[in-house]
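The same subunit A turns up in both complexes below, where it pairs with subunit B and then with subunit C.
Right, the complex of A and B next:
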């Protein structure tokens, strides 16, 4: 029987830090930042599967996030069902939408997939914004007070924090598992060169499709978590372009196509966003767009591999220096 | 029955016929050279043989099965492997990981694929942990060969895999191709360096303007008037070892 390897020290410290954070910072404000950080990390990690690993840049992932957010509260509004029931239905709807978009567009090369995702996400946002059945521009509300635990409506931030942490753990575990298996090698090969990958027998279209489906499912879960936490969703917060852009930026800042890149990106971006919103009040929310734009320019110009790539480069330099002096 | 049989294969881009009624066969265990001036249609034919392009007319039969319209993935599955004129390595991956992508075709489990990849990397004389990005041209070309070898091909299409090498590297590469041939792999090699063609192949097919204009032993084709005319536009014999 194979022995299980001990987790690396960095990973252990990170896990312990994340578990202890809400206990060390019991103030609701800091706990809220923690929950927002985890949600951003989950959504960006989900995007990372198709955008980072497989290199299929979706700029419309809000469509899956929105479906995941709307379905539980729609079920609650229509029939009073607990949001928990709507979560798997949201996943199924997201999978169906991913298949409809992916089948024709993932066969094409270039930016067609990106353009298709933006177009569909915007279309859905406009449609939802004018459709009374799903609350039109006003949106939908979840249970104001939980009838039981399965309504996932809590007064404290603490249960949300740990639920989100478990989901993040699952997303990262799934990603780490595929990363070291055939699927992980295939997606990275596709990102590096589709033509070469095909010549080696990689089923390119099906592999991209699998990546998109997996990514859509986790993004849908992120949307559902968002709505159980806030208890409310409208077209902007569910399907808005900024939702998609944030996933891309968080993953790209930390390092797209790396396991912990999205975590690192969220760790920097979310406190920064919260700080600007608090310091500048309502006017600060506009600054978010400026920050995103600035980050895109900086990453594209100086560090396309994100901060994790920068970190690895610095480590390699240090090792070389140590080797040279030894 | 030949292993590969290209029957009147044609490929046109608009009104331009890059390959016109190409007709040739490759027997199991053969190593043949495909030569011709630049723009003769060799790479287009290679793309058709490897499933990268679908011919407009004609048929491609591999081991008795019609693969004319099959995808590049399907070609790899039946045992047709190829390299590219410009090496297309997976830059951010290590040499071993590059080769593992190929190995996964026949070995779906990671440990088996890694084992197969290690064997191939050793055979090709590469360093497993080196990043593909840090390799020079000879290393990249070698890595491409290693990667396709990991798919266990029965037919290997080498598209100028030995171009741009120094004399020393060229001899190493020739030795490697010989070893592959000795392993039982049938090889079709597109090459401009006549030394490679004269040293490695027993039969040469010459292409010009999309047509097969000559076929025979290397000595026969270099003396063929049509070949000389295609290369030089006048009568004369290309020197051994020269770049036509």
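Right, the complex of A and C next:
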């Protein structure tokens, strides 16, 4: 029950800090980093629901992100509909796809789920890249200038920042809510030992499915937010494997299966990524992904619980020392 | 005749798929572990062949053995420093370890070799061969045939030799194998060496006949998943049949539907297979 005792002060500081950040740093460059950070945190928190809490490692979450990104701009291109119409349709499509993938693979060992997600994501990326209806390799463009507020096309970074912040708040609130409810105990039981959980009456398959559906819906929203912000999406930025990689690494670095892990991961990685891209110019992106790969390997090898577990362990050690001296 | 050419060409490529996929299925069968970096092992085998040809010269035998040896060593090193430790860890560590490794190797290859397509210079296996009216590059015929022989050799090693029995024993029960005087650690390291070595020599064979870039690892990795899923997880002989079938399907869909769709058809089959027969087409229920 440390959850109830520890965070209020930290949580308040975090919330105040996030709300004030763009007002303190009014430079467009810093606000842009802020928006990128929030988007990474939203996507990784969404991945975290199925990958972290339920322990079903998806390495193809870009499929939901891509659907969320493509659907609003596709509707805009075809009929000039505002993104607010396309976003819920994207969510529905993502839910349907999640069900199609989850039904057969979640019944099997977790490896099948991982393999299926990477294969389906790659399949969709290739298909979208050759399909003229959705812009093929060139991609799709959103409204260049908003007709009204409901086109969600703003000149300033500020509205995006606060919309993203609200969505992040919703994702975290939903996660925090289920953490302490039946569903939260179910997913943790499944992660700890699927067979044991099953024998105790946990509806294993359905619980994993629910986690995947919830995760897919939020990931789809993250994709939609990405596209209203950038106004443009192509197969690489929507469905590319690196989109999935970013979600995995942000969540795993901070701590998969913890509420604030993805936030912590994004807080470290996004400034790092911006800095390396700035130092190394356009050619730096390759190096970024060498570093990403290295970080993932190191986390898996030395600290599968991510930085938040490392932090807790260090904290415990310190407490023990204090106890001993007292 | 064109159709025969497509069929034979597909089978020859499929034989190489079978060879590198048998490496993946070996690891899966032994330790219930999926290696996401397997396609990158194939890709590295191709570049080792290139480096040997450019650096010291030599024929297919030289760079083939060099690629197999280099990747065998890499497989053992990766087992010792990474896999051995994550095997005892949680699921997320198992999957992320080789997934991160795949990224690391792929983008390191981009970094060192650039994204451009390359092919082996001054290839000893140039020219075409006339197989009763079907004209095929010599390199394809040689590479495909050698791949079949090597896959059968691997099957022989696993089923008919003492080393094979030891591998099987460790796969069955590492603790009981320890009591029989087998060191599971060494045997598993050997399995990783064999797996990566098979991928490496398959890469060298591919390099003789096809141009490539660092991104081929991703495609070959997915193809290996498909082949292993079709052949049954853990079965080398199953991989051989499935590899030939996948090569055939790919060649046929590339010929009739267009080159872009040859991978699409294969991945779609994989998804369909996971739906209908997740234990593999030839695997036991």
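As a convention for this text, the second predicted complex is superposed on the first by the 318 of 326 C-alpha atoms of A that agree within 3 Å, B and C clash if a C-alpha of one lies under 4 Å from a C-alpha of the other, contacts with A are read in each partner's own complex, and residues count from 1 in each chain.
Quick note on the criterion: contacts are C-beta pairs under 8 Å (C-beta built on N, C-alpha and C of every residue); 3 or more make two chains touch, one makes a residue touch a chain.
Note that the coordinates shown come from a computational prediction; the quantities given were computed from them, not determined experimentally.
Applying the stated contact rule after C-alpha superposition, one finds that A:57 touches subunit C and leaves subunit B untouched.
Of the two partner chains placed by the overlay, only subunit C lies in contact with A:295; subunit B stays clear of it.
Look at A:182: by the touch rule set out above, it reaches subunit B but stays clear of subunit C. Of the two partners subunit B and subunit C, more residues of subunit A are touched by C. Look at A:111: by the touch rule set out above, it reaches subunit C but stays clear of subunit B. Shared-chain residue A:256: touches subunit C; no touch with subunit B. In the superposition on chain A, A:17 contacts neither subunit B nor subunit C. By the touch criterion defined above, A:202 reaches subunit B but does not reach subunit C. Of the two partner chains placed around the shared chain by superposition, subunit C is the only one that A:287 touches, whereas subunit B remains out of contact.
In the complex of the two chains, the subunit C residues touching subunit A come out as 32, 34, 36, 81-82, 85-86, 89-97, 99-108, 110-111, 218, 222, 225-226, 229, 260-261, 263-264, 267-268, 270-271, 274-275, 278. Residues 50-52, 71-73, 75-77, 81-82, 84, 88-93, 97, 100-102, 104-105, 108, 110, 113, 147-148, 150-151 of subunit B are the ones touching subunit A in the complex. For subunit A in complex with subunit C, the touching residues are 51-52, 55, 57, 59, 103-105, 107-112, 114-116, 118-120, 122-123, 126-127, 130, 241, 245, 248, 252, 256, 286-287, 289-290, 292-301, 304.
If you check the complex, the residues on subunit A that touch subunit B are 180-182, 185-186, 188-189, 192-193, 195-204.
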